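Next up, some structures in structure tokens.
Here come two complexes built around chain A, the first alongside chain B, the second alongside chain C.
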Partner chain A sequence: MIAYGIRSVLQAVLVLLAVALLAFSMFRYVGDPVANMVGQEATQGDREALRERLGLDDPILVQFGRFVADAVQGEFGISYKQGRKVADLLAERLPATLELAILSTLLAVVLGIVLGVYTAIRRDGVIANTVMVLSLVGVSLPTFVIGIGLIYLFAVELRWLPSYGRGEVVQIGWWTTGLLTESGRKSLIMPVLTLGFFQLTLIMRLVRSEMLEVMRTDFIKFARARGINERSITFRHALRNTLIPVVTIAGLQFGGVVAFAIVTESVFQWPGLGALFVQAVQFVDIPVMAAYLMFVAAVFVATNLIVDLLYFALDPRLRNEAPAGAGGR
Partner chain B sequence: MRFFTGSIVAAAAAACLFVQTAEGRTLKWARSGDALTLDPHAQNEGPTHNLNHHIYEPLIIRDSKGKAVPALAESWGLTSDPLVWEFKLRKGVKFHDGAPFTADDVVFSYERARQPSSDMKQLLSSVDTVSKVDDHTVRIKTKGPNPLLPANLTDLFIMNKAWAEKNNTVKVQDFKNKEENFAVRNANGTGPFMLVSRAPDVKTVMKAFPDYWGKDQYKHGVTQLEYIVIKSDATRTAALLSGEVDFVQDLPVQDIERVKNSPNLKVAIGPENRSIFLGMNVGAKELETSDVKGKNPFADKRVRHALNMAINREAIQRVVMRGQSVPTGTIAPPGVNGWTKEMDKYPPVDLNKAKALLKEAGYEKGFSVTFHCPNDRYVNDEAICQSAVGMLGQVGVKANLVAQSKALHFPLIQKEQTDFYLLGWGVPTFDSHYIFTFLYQTRTDKTGGWNATRYSNPEIDKLTVSLESETDLEKRNATIAKIWNVLHEETIYIPIHIQTLAYGMRKDVDIVVDISNQPKIKFAVLTN
Partner chain C sequence: MNDLPEHGDSAPQPRQAAIEARGSGLSRAWDSDLAYSFRRSPVAVAAGATTLVFMLAALAAPWIAPQNAFDPASLNLMDGFLAPMSRSASGSLHILGTDSQGRDLLSAILFGARVSIAVGFLAVAFSMVLGVGLGLVAGYVGGRIDAAIMRIADIQLSFPAILIALLVFGIVRGLIHPSQHEQWAIGVLIIAIGLANWARYARTVRGSAMVEKNKEYVQAARVMGRSSLAIMREHVLPNVMGPVLVIATINLALAIIEEATLSFLGVGVPPTQPSLGTLIRIGQQFLFSGEWWILFFPALVLVVLALAINLLGDWLRDALNPKLK
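Our next item is the complex of A and B:
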């Protein structure tokens, strides 16, 4: 267990370094930040002086080394676009993205499991079939189409929900939340639905197929034979055995939700990290781009680690060092 | 300084929908991009100046037509010495923190704007000294006679000297320094609105300054101003349609009809001080990206005239711009000193004549060239280029389009690494000299900074330089006309159109389209 932990941390560091190096080798294809940083009256001399001050003419490896040396000390530099500390910018944007990601994942997991179980048990029901058809929409429609569709319906036509932003937020320490105000909660509904819809349908379909498979196994038949009531069989025996793949998917998807909230955040003008990143790319704001990519890599590494640890909790066979040949369905 | 910064909570305290109180109203103004900084001298960029114009003020301000009108200076003029300008400052003006506005603040602000890390320094490059005569008189001495000095001052904002010193923001942000400068997010100006809170790229909240000197003159009726960034076109339009914002500064072309048809909304359309045109490498011996070797087709005037005839400007206006542009025959936008109706005429599309000209020049079979285009800078920039490729193809010129981000496109122009490109140009001084010196003059460190055509004409250079010190306006205008005559005959650029701006707003809001796309809310009118 301890050896496993150390190995995971070392792997994480390697992944982070690799991401940073890849990022730095790509930045020069994004464009020249100086083009955005000075006005049209600036002379060639002004531009070169600024390039020099920013160290943009140094070889990629030198820039990379400087970035890593600073990053180790927690120093991510100054945003070219906003002239503010990158660490402050990320910290300011983080609550918005995390709030969105956590709520979307919660929605996806809870509703996904419930609907998955329901559609598995009532395989031929009208409601179950309707849900299945709708879930196809979730799997196949791109996020931005869903987002714009929701805006059109609920903001423009019905005027129930705001079309952009976070609404009123409350500050608790450095954290900001929209959950404590009415406009904040209203503002969350559409982005959470948009971001969580794909995950929801994915988890639902996964739970359904796993359930169908488990319901066919011998131990369920024996349970029925023993006269255990149907509710108990479904939730205590069958559902439990479907959860391992669900945890894997939900965990990995959470990393994806944080990282790829970009589209949802752009559609709803959600002031999170994804929107910050899009603006940084357009401006060639290298310090922000580098720090954001490191952050996303860190989120993926961390969620993978947590998912691995959850296996231990969910599957007793892993704890007991199962003998070779045993285990596995 | 808590008073000025506030918190995000306070910012969001205003309700989600339109607020109307007895004294006045909240105006919610949405735009696709934010100001980069509140530091008035750190960035010479349109949206940045636009926001800062509400908090800070220059000595002279431009109205929506581009006309210079008094702001912090009541009057100005040349003294008997042609090198010295005198500005009479407005009396009784207060900064937002209550400090009185005096000549010291002007001297301080201009010195700050001239620092090496300032992005405004080029506008003051002709200035030798700025000095105080008395508390309400300032003199600016230039290195040589400069008839255009006042035109350069319209975006040069005045800060309070004592405030800057107290908050350690005497110097403009330097990106080498890893600290944030105080003025980036805090402000103390003399403008009609004072900063309440700012969340960059999200929202900036301002409220009317009760001691504003012009409050009787500019009865705009706005008590709170919220500047909201909504990047996505569809979402911005949706916010206007749903009544969550009152004014959208950049209404997407495809949504104009939709907004017009909405019962509570209207659209204001007007020309922008910005032309869109194609530049050709006329100076090289051989084009690097062409299949013609040993000679440069663009160096031949007949080829340039032929291409000028092949571009169907009206089709671009109709199809690409959906009517939202004004086709033009010159790269000078109307309203710029030196512009005439005559030079705005463009040749009719004549493919046969164009082909004949190309044949005469020895390019009967046409030629190929790489065509660089931005895709995130001007209205429908990439689509304009795509249609130009088709039109040029009809006369046998094969333009290989490379459309990319402005961050990749502009360096090609600055480093002269393109043979054929699209560029847009605005003229903040409203004088032809600005066009000549950046787009036509021979490239040196100080001149021709955006001239990637490699065009170099000593006669034009000499005349352009002479404009800088010619104080006799009649003589000066004659020289401008003479320069334009030569340049239009040469056809160094192929003008396409003048961009138009579309502002969408509630019917009870009246904001006139600003030719520089810097609408100032103090000129707006709210009606009930």
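Our next item is the complex of A and C:
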């Protein structure tokens, strides 16, 4: 278990280093960092001074080492476009994105499990079939079309919800949250639905097929033979055995949710990291792009690591086995 | 096809004929088998017909569109915001209405779908060539090259394609001069979407190639002294193409949606050559003022087109899978 844990961490560090190398090469070789940072009217002397200060004449390995050391401290230089420190820009927008991503994942997991169990035990019911067909159609809809559809329904026609922004936010330390005000909560509804929808269908289908599988096994038959009531069989016996793949998928998808927030945030003009990244791509603002890339990679690696370790908590069988059995993702 | 290139010149005539006979015979059998399963599936027929109609209409846009939608000279601002099925001042009918600049929406959609479909096809072709090539090398050569290629593919597959495409788009744009951004936008877009999707091909082809390389026909070719490159290209490749076709079909739908998403985000095609995504982006501005059709029809075309191609891909996957028969 400990050896396995160490290996997972080492792999995570390797992946992060690889992404850092990509981010570093972007910063160093895409366009001229000096030309992007000084204004048009800078003299040759200014440029030389900046080159000197950035250490662009040092050996490449030294530069990369410095880049990694800075990155570990959250230091990514200055945005070409906004002229502010990238770290500040990210910190400002991080709460908006995380709030959105966490709530979407929660919604997807809770609703996904409920609907998955329901469609599995009422397999031929009208409602269950309708849900399945809707989920199929929903999967083929591009995210931004779903978002626009929601805006049209709830903001234009019904006028229930605001169509853009976060509403009023409350500052708690450096964190900002929309959960404490009414307009903030209202603003969250549509983006969360849009972002969570894909995960929702994914988890629902997974729970459904796992449930159908488990319901056929012997221990369920045995539980029925013992006369345990159906509700207890469904939730205490069957559902519990479907949770491992669900946790895996939900965990592994969290990084995807954070990255996919790019589209949702742009549709709803949500002031998060994804919208910042799209702007950065439009203006080829390399430091911001590099920092966002590192951020997403870090989220991915962290969730992967947590999921790997969660296996041990959820499945007692793994604790006694050789680590080889645990790597299956 | 030609097994012995060194004897190729000695007897071209009969060998050529034999190959043709074998080729057409094989393809006829394969076609009819597939065609049979196609005819038996109403969903596949409907999806195929829809896809075909959309593609032909988009291809023929310059000839069948009521208006050359992107020639500013043909636009009349007085005709702006006409609702569907209304007539302009000059008496021409606008079935789907017009946008803010008096552009006939049906024409705009036809031209837009043309851009979307073209970008989709080229991006799929690009990622297919790249992915199949790398997958073949990884599976056939094995060892460190295999480990390196598949590691990259693994990492890439865990990120959403749209993020990769945005990243590539930004990097490639950074590498070309700003004055040429507009001119190269479509090419950059194709590279970005193509690079975002190669990994799935590579993974599939690698798996099949590893199985195929131990079969006797590959050993026979090796004994005959053919080079690795020739064996990969002429012997292994044709035997791993089935799944690739399925992936390519589903990928076409994905690529079209990705292109639309990028254009919707404002980082795709330039406004001078709008695609379906650009039209949706434009239409979104008029959502609140009640001109719903400017947004609705391009979005509808995008969704129906993607759905039809997806269904076609699903059918193809089942039809090419002998286990399901």
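Heads up, the rule we're going with is that the second predicted complex is superposed on the first by the 273 of 329 C-alpha atoms of A that agree within 3 Å, B and C clash if a C-alpha of one lies under 4 Å from a C-alpha of the other, contacts with A are read in each partner's own complex, and residues count from 1 in each chain.
Everything that follows uses one rule, which is that contacts are C-beta pairs under 8 Å (C-beta built on N, C-alpha and C of every residue); 3 or more make two chains touch, one makes a residue touch a chain.
Since the structure is predicted, the reported quantities are computational estimates derived from the model, not experimental observations.
Q: Quick one: classify A:Ala250 as touching chain B (first), chain C (second), both or neither.
A: So A:Ala250 meets neither chain B nor chain C here.
Q: Could you look at A:Val30 and tell me whether it touches chain B, chain C, both or neither (first, second, both, neither)?
A: Both partners, chain B and chain C.
Q: Taking the superposition on A as described, I'd like to know which of chain B and chain C A:Ile78 touches: first, second, both or neither.
A: first
Q: Can A:Met215 be said to touch chain B (first), chain C (second), both, or neither?
A: Neither partner.
Q: May I ask you to decide whether A:Leu98 touches chain B, chain C, both, or neither, giving the answer as first, second, both or neither?
A: neither
Q: For A:Leu54, decide between first (touching chain B), second (touching chain C), both and neither.
A: A:Leu54 sits against chain B, while chain C stays out of touch.
Q: May I ask you to decide whether A:Gly167 touches chain B, chain C, both, or neither, giving the answer as first, second, both or neither?
A: Touch status of A:Gly167: first partner only.
Q: Once the two complexes are aligned on chain A, which partner has more residues of chain A within touching range, chain B or chain C?
A: After superposition, B is the partner touching more of chain A.
Q: Who does A:Ala259 touch here: chain B (first), chain C (second), both, or neither?
A: Second partner only.
Q: After the superposition on A, what does A:Val117 contact: first (chain B), second (chain C), both or neither?
A: So A:Val117 meets neither chain B nor chain C here.
Q: Can you give me the overlap between the chain B contact set and the chain C contact set on chain A?
A: Residues 30-31, 148, 151-152, 155-156, 163, 266, 278, 282, 284, which sit in both footprints.
Q: What residues of chain B sit close enough to touch chain A in their complex?
A: These residues of chain B touch chain A: 7-9, 12-13, 15-16, 36-37, 39, 42-45, 116, 119-123, 173-181, 184-185, 199-203, 228-232, 234-236, 238-239, 241-244, 376, 404-408, 410-411, 414, 438, 445-446, 449-450.
Q: How about chain A: which of its residues touch chain B in the complex?
A: 30-47, 49-50, 53-54, 75, 77-78, 80-85, 88, 92, 148, 151-152, 155-156, 159, 162-165, 167-171, 176, 183, 186, 266-269, 271, 275-276, 278-279, 282-284
Q: Would you tell me which residues of chain A are touching chain C in their complex?
A: Touching chain C from chain A are residues 15, 18, 26, 30-31, 137, 140-145, 148, 151-152, 155-156, 163, 252, 255-256, 259-260, 262-263, 266, 277-278, 280-282, 284, 286, 289, 293, 296, 300, 304.
Q: Please name which positions on chain C make contact with chain A in the complex.
A: For chain C paired with chain A, touching residues are 155, 158-160, 162-163, 166-167, 169-171, 173-175, 253, 257, 260-261, 264-267, 280, 284, 287-288, 292, 295, 299, 302-303, 306-307, 310.
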